[in-house]
Each structure stands twice: as structure tokens, then as C-alpha cells.
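Below are two complexes that have chain A in common, paired first with chain B and then with chain C.
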Partner chain A sequence: MDYSFDFQSVSFGPLWEGLIVTLQLTIAANLIGIVFGFPLALLIMSRFAPARLPAMLFVEFFRCTPAIVQIVWFFYCVPMLFNVFLGSMTMGIMALGLNLMAFNAEAYRAAIQAVPREQLDASIALGLNPLQRTLYIVLPTAVRASIPVLLTNGIGIFQQSALVAIVAVQDLMYQAKTLATETYRPIETFTVVALVYFAVSFPVSQIVGYLERRRQLIMS
Partner chain B sequence: MTLDFSIVLRFQEALALGLWMTIKLTLICVVLGCSLGFSIGLARTSRSALLRAASSIYVEFFRGTPVLVQLFWIFFCLPLILGVELSNLTSGVIALTLYMGAISSETFRASLKSIGPEQLDACVALDLPRRVQVTSVILPQAVLRAVPTLLSNCVSLFKESALVSAVGMADLMFVGQNISNNTARPVEVLTVVALIYFVIAFPLTRAVTLVERRVLAKLAI
Partner chain C sequence: MTMSFSAPLVKIQSLHKSYGPHIQVLKGLDVEMKPGERVVVIGPSGGGKSTLLRVMMGLEKIDSGSISFGGKPYIFSEGADRKTVIDTEVRRSIGMVFQHYTLFPHLSVIQNLILAPCKVRGENKASATKRAQALLERFGLGAKASAYPAQLSGGQKQRVAIARALMLDPKLMLFDEVTSALDPELVAEVEQVILQLAGQDMPMMIVTHDMWFAKNIASRVIFCAGGVVVEDGPPEQVLGSPKEERTREFIDRVFHIRH
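Moving on, here comes the complex of A and B:
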């Protein structure tokens, strides 16, 4: 191999700006996913079919199509179908947020189903109404149980957020593509960018591993 | 605006070609990726620290970076480093196989871990050689337990394969985007593309649930 590396040509200014955009996308999408995923999970589990079926369709659709298709669809079709023109950042957040909502809803559902039967019996015996039961009994237990999966999904969306570069949102990946083309230094640029993504997601996945181990210890 | 889905029918052959590319890519990478994943899974549980460290770095790196970045790296950097031209298909296969290898090695590792120590004790008591332990005791159980998760890994791979459109491989997504750009009918074309992906992936996810129930019943846990 006769390639001479030149990491000097990787300018960190644009990459830093890109990383900020990527993090903004990730955090905003996670807020949407964590907050709205829970009611969606309740809808999926509802006994009332007209509420359950659309919710299930929504979740299955987001889980069974590629994220890139969803994002491209969102950017091209939403403005045409609904005649709304939002900034690319807002669109990116919404596309990623809806995707994460579907995945988090599944995580919440598993956690809700794992809430012990006795707790529900007890809450009925205490005369709590369904709303109180959901808010004070199911929600706290289920949210705590689903934290590892929510975090894993959160890193997932951090990685998926690289896809918005394809529809020209100026995130880390987009800046990397521009920089690589401008400097003719793809190896250095993409290696640095891969390391940046890794540096963010690796610690989070370690935390997930730690939380899961601790949970298993508590359970056993 | 008026929607006219009949426009998609005019391009059904192109879409079929794209779909075939997507399926071909997925199948090749499933086979290669699962074999790679199993060896890496074994390496991660091996007694040699070097082997363990190397395989962990590989897995963590591929799980910790976006697949899009991996694809770009392999498409643009690998040919420069190796000094040879790689065809689109080869680069795509390399990238997705490495990705599939990383995620399925985790699956195999988890299933290897779930095989109780009493099984190994029994192997020792029966004085089975290491090779027989692996091929006749560990492998069948590990694979059986891994099947449901492997299937859902395959669904992920099928979905991630749409990323190769970003580097110009003519898969279903690429063909769909091309048609939608040329006809200025993104709503119809992209919706149909999304539906095609859905129609394939959805039954597979149902199959995962079914297989899971079967496997659990068979293992009686």
C-alpha cells in the first residue's frame, strides 16, 4: 500500500458543527420517541379495535420498512400530500421521531406486559380508577423496566440520524461527505467521522450493559 | 393534488430488477454474515485473550457506528487502501456481511452463554474431545436457540440493504428514487417502494414470533 495519510486535511470546524446538528436531531427525536411511545404502546394494547388497529399498523409499518425509505418518503411526500413546507431540520426530527416512537412503543409494551399481575389486582382492590392505575402503577414500573431498551433505541436513532445527510440536512455525515469531496481525502475524513460516532455511542452502550447486569442481579 | 398509481405499473420491470438486486444482496450477506458471526461468537468466548480482544473490537466498532458510514468507508476507502477496483456488488457484499457478522455474533454469543455449565460438565464426564463438544453438543443447541434472533437480524439486514442506494447500487430503493425523480411522482413511487419492503419484511417478523414459540416449546423452557 503506497498511500500517505494526511489527517491534517480533516478540518474539525465543519465536523463539529455537524456533530452538534446530529446531537440536536438525536435528542429531539428521543424526546418525541420517549414521550409519545408510551401512549402509543397503550393504544396497541387497548381492547378497543378502532384504536388498536391504526396504532398497530403505524408501529408495524415503521418497523418493517427501511429507515432510509421512511426519511426519503417523508421529505418528498409530506410537503406534496399535505401542502406544508417545514424546515429540513424539523422534517428530520419528525421523521426520526416517528420512527423511534414505533420502536419505543414496542419496548414499552414488553415492559407493561411484564408488570406483575398482582400489582394490578392490588390497584383494583385499592379502588384506583384506570387512569390512576396507569399513571401511578403501570407507568413508573414499565418505564424503569424499559430503560435499557429505550437507551439502545436511542443510540440506534443516533446512528440512523446519519441518513438525513442523504436529504441534505447538514449533520455530521453530510459534513463528512462534503469534506471528503473537497479535500479528496475520504479515508481520513470517514475514519475520523466513524470514530466520532463510535466515541458517542460506545459509552452509552456500555451503560446499557451495566444497567442490564445490575437489573439481573436485582432480579436474581 | 391527484394521485395516479397506474404510473408505477409502467416501471414494474425496473422495480422488479431493483427488488431482485436487494434480495440477492440480502441472501448473500445472510449466508456469509451468519458464518462470520458464528466464528466471531466463538472467538469472543475463546480462552485466548488476543482473539477475544480482536473480535470484541470488531463487533463493538461495527455496532457503534452507523451502517451508512461503514458503507461509505468501504466504498470509497477500501479500494484506495487495497489499490484494486472493487465492483459495486463486491463492496456492498463486504459492507453488509461485516455488519451482519457483527450483529449475529452477538446473537450467537448470547445463545452460547445460555448453554448451561452442566452440559460442559457432562461432556467432561463423558471424556468427549473438544471437537465433538463443539460440533455435537454446543453447536446444535446454540443454533437452535439463535434461530429466532437470527431471523430478526435477517429482517434488519434486509432493511439496511436499502442504504446501498446512497452509494449508487441499483437496488429497489435506488430504482425507486430514480423513477420518482424522473417522473416527478414521488408520492406514488416511493409509497409503492415502501409497501414492497413492508410486504416482504412484515411476514418475516411474524415468522420470528412463530419460530420463537416453536423453539421455546422444543427446549421446554
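Moving on, here comes the complex of A and C:
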């Protein structure tokens, strides 16, 4: 192989700006996903069909279609169908946030169902009513139990956010594509970009591993 | 609560309970318990011992029958669809401790103790905390008030669970195999706490497999098998020289395993 690497041509200025946008997308999408995922989980578990069925449809739509299709659909169809256009950044956040909300709802649901039966028995024996049981026992236990999955989903959306580059959001991936085209150095550019994504994701995945080990210790 | 001396504290009448259409666990169970009695329930697995306690606590629906506490029916089935009615006010006089996993893992020991008094009875936090701390001291757990359940041994967890139930000033305590999940060396410290309560005349109903403990704590022993009471009498009789053939077989088997 006679390719000579030239990392000099990778300019960090635009990549840095792109990273900031990517982080903004990730954080905003995570706020939507973490906050609204919980009520969505309660709706999925509702015994009341008119509440449960639309919620399940919502979750299954986001889980069973590719994220890139969701983003493109959001970007082109929402403005046409509803006659609103909110700016590419907002649209990107909405698409990623709703996607994450669906996945987090499933994480919350699993955690709520994993609250040991004995805990509920004990809280009934102590005289707590259903609302008190949900607020003081189920909610705190379930939120804690789902933190590792929420973080994993969170890193997932950080990486999925690269997809919004195709609808002209100027994120890390968008800047990388532009830079690679300008410099004719795609290998070096995308190698650096891969390292940047890795450098952000890796510590979070380590935290997930740590939390899971600690949780196994607590539950044993 | 006022009642004449010999009036029953608990009266269980022809209690029926099944899980699904085929598994009948309680088949017309009758038990009376006088104030101050400590009733130990023994019997083979699946004989309905734990189900009896769970039903008394209102954790399970019943098919038919009724349970009264202090002369007042608080669990019974009603109407054409035999809906189980539970009087939660009366039920609050009863405390229960389970086999395991019942401390709330996200709350410290003291928070576990004061949750129900504060939220259910509206007691203020300062007074509940004071009572809780005193109770923990009494059970040798004073230093563990701010520990979390994960930091406690199995025996400590069960002692905290007992203290938590006592915070609501129960008039009757139910113990469902509270030492069954413990390592053998931790059993004694939990049984000591229950014996301490017995010394204060707390009425209790205990399901246990520990015959030594049964002998030590019981004022009366009930042998329960096949969903009915087979034998009911003083511990010397039921554990020592049972009248019923089925009781004798069970006692022989249990003591044979233990020696």
C-alpha cells in the first residue's frame, strides 16, 4: 500500500463546531426521552385500551423503522402535512427525541415490571395506597434500575444523531463530510471523527458497566 | 379497642381460597385466636400456611368465608360475584413481616421506618424519627439508622423489617417464615427479637419450619395441611404427642430430618 497519510489537512475548527452541535442534539433529545419516556411507559401499561393502544403504536413505530427513515420522514413530511417548519436543528431534536422517548419507555416499563412483588406486598402491609405505592416505591426503584439502559440508549442517540447530517443539520458528521470533500482526505477525516465519537461514548459506556456491577451487588 | 377477656381477637370462619380454577389452597379453614395468644402454624409446603397469613393481611382475594378482628369483620366476600371486601382501617391494626426482599432498597433504614407513619398516618417527621431511633436502639440497630438495606446482613434486614412493622403500633403481628431465607448463624438474632415482643404480650401468628423456635414461642400450635386445620392445641400436645395421625407423620419426618 503506497497511501501516505496526511493528518495535517484535518482542520479541527469545523469539527469542534460540529461536535458542539452534536452534543446539543444529544442532550436535548435525551431530556425529551428521559422525561416523557416515563409517562409513556405508564400509558403502555395502562389497562385502559384507548390510552394504551396509541402509546403502543407510537413505541412500535419508532422501534420498528430505521432512524434514518424517521428523520427523513420528519424533515420532509411534517412541513408538508402540517404546514410547519421549525428549523433543521429543532426538527432534528424532535425526531431524535421522539425516537429516544420510545426506547426509554420500554426501559422504564421493564424496570417497573421488575420491582419485586414482595416490595409491593410490604407496602400494602404498611398501609400505603396505590398512588403512594407508585410515588414512593415503584417510581424511585424503577428509575434507578433503568439508569444503565437510559445511558446506553443515550449513547445510542449520540451516534444516531450523525444521521441528521443528511438533512443539513451542521453536526459533527456534516462538518466531516464537508471537510473530507474539500481536502480530498476522507480516510484521515473520518478516522479523526470516529475517534471523537469514541472518545465521548467510551467513558459513558464505562459508567454504564460500573453502575450495572454496583447494582448487581446491591440486589444480591 | 374494648373487648371482654375471652372474646376472640381474630375469628376466621370457613375460609376458602383458590389460585385459578384448579388449585384450592384453603378449603374451609376455621381458626380463633384470643388476645395475648402466640399461635404457631406448622405444616407441609402447599398446606396453606403462608396463604392464610397473606389472606389475613389482605394481600390475596378470597373465594368465601370471613375474618374478623376485635369482633369486627374486616375481610369477607360479598355480592353475586363474590367480590373480596377489605376494611383497610381495621387492617391497619395488623403488622406483617415476610421472608425476604421487603425493605425498600432506595431508602435508608430510618427512612424505611418512618415512611408509613409519615405518609399513611400523617405523623410529623421529627416525632416519627425519634420513635424509630428508639426502636432501633432497642433492637441493637442504633448505629445502622442511616445505612441502606444493601449494607446490612440478612439478620439485620429482618430485624429492621420487624421494627418497621412495629412503627404502626400493630395489635397483631404476622410472621411469615421470617428466618427461612437466613444463614443458620443469623436465625437466633431474629428469633430473639420476636421472643422479646412475645415477652411484651404482643399477639402474634407465626409460620415457621423451625421446631425449636416453635416450641419456645408458641402458646398454641396449629397443624395445617390440605387447606384445613388438622390439629390445634398447646405446643406440648401438637409438637410432643400429637393426637392426629397426619400430625404425627409430619412431626416425625421433621424431627427425623433435624437429627
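Everything that follows uses one rule, which is that the second predicted complex is superposed on the first by the 204 of 220 C-alpha atoms of A that agree within 3 Å, B and C clash if a C-alpha of one lies under 4 Å from a C-alpha of the other, contacts with A are read in each partner's own complex, and residues count from 1 in each chain.
Everything that follows uses one rule, which is that contacts are C-beta pairs under 8 Å (C-beta built on N, C-alpha and C of every residue); 3 or more make two chains touch, one makes a residue touch a chain.
Model, not experiment: these values are computed from the prediction.
K.L.:
Per the contact definition in the header, classify A:162: touching chain B only (first), chain C only (second), both, or neither.
P.N.:
After superposing on A, A:162 lies in contact with chain B but is clear of chain C.
K.L.:
One more residue to check, A:116. First (chain B), second (chain C), both or neither?
P.N.:
Second partner only, chain C.
K.L.:
Regarding the shared-chain residue A:66, is it in contact with chain B (first), chain C (second), both, or neither?
P.N.:
A:66 contacts chain B only, not chain C.
K.L.:
What is the contact status of A:124 with respect to chain B (first) and chain C (second): first, second, both, or neither?
P.N.:
second
K.L.:
Touching A:140, do we find chain B (first), chain C (second), both, or neither?
P.N.:
Only chain C; A:140 stays clear of chain B.
K.L.:
For A:191, select first, second, both or neither according to whether it touches chain B, chain C, the two together, or no partner.
P.N.:
first
K.L.:
Report the partner of chain A that touches more of its residues: chain B or chain C.
P.N.:
B
K.L.:
With the touch criterion stated at the top, can you tell me which chain A residues are shared between the chain B interface and the chain C interface?
P.N.:
Shared contact residues on chain A (touching chain B in one complex, chain C in the other): none at all.
K.L.:
Once bound in the complex, which stretches of chain A touch chain C?
P.N.:
Answer in residue numbers: 116, 118-119, 121-128, 132, 136-137, 140-141, 144, 217-219.
K.L.:
What residues of chain C sit close enough to touch chain A in their complex?
P.N.:
Listed in rising order, the residues of chain C that touch chain A are 54, 57-59, 88, 91-92, 94-96, 98-106, 115-116, 119-120, 148, 150, 161, 164-165, 168.
K.L.:
List the residues on chain B that touch chain A in their complex, please.
P.N.:
1, 60-61, 63-70, 72-73, 76-77, 80-83, 155, 159-163, 165-166, 173, 176-177, 180, 186-187, 190-191, 193-194, 197-198, 201-202, 205
K.L.:
Going by the contact rule at the top, pick out the chain A residues touching chain B in the complex.
P.N.:
By the definition above, chain A touches chain B via 1-3, 60-61, 63-70, 72-73, 76-77, 80-81, 159-163, 165-166, 173, 176-177, 180, 186-187, 190-191, 193-194, 197-198, 201-202, 205.
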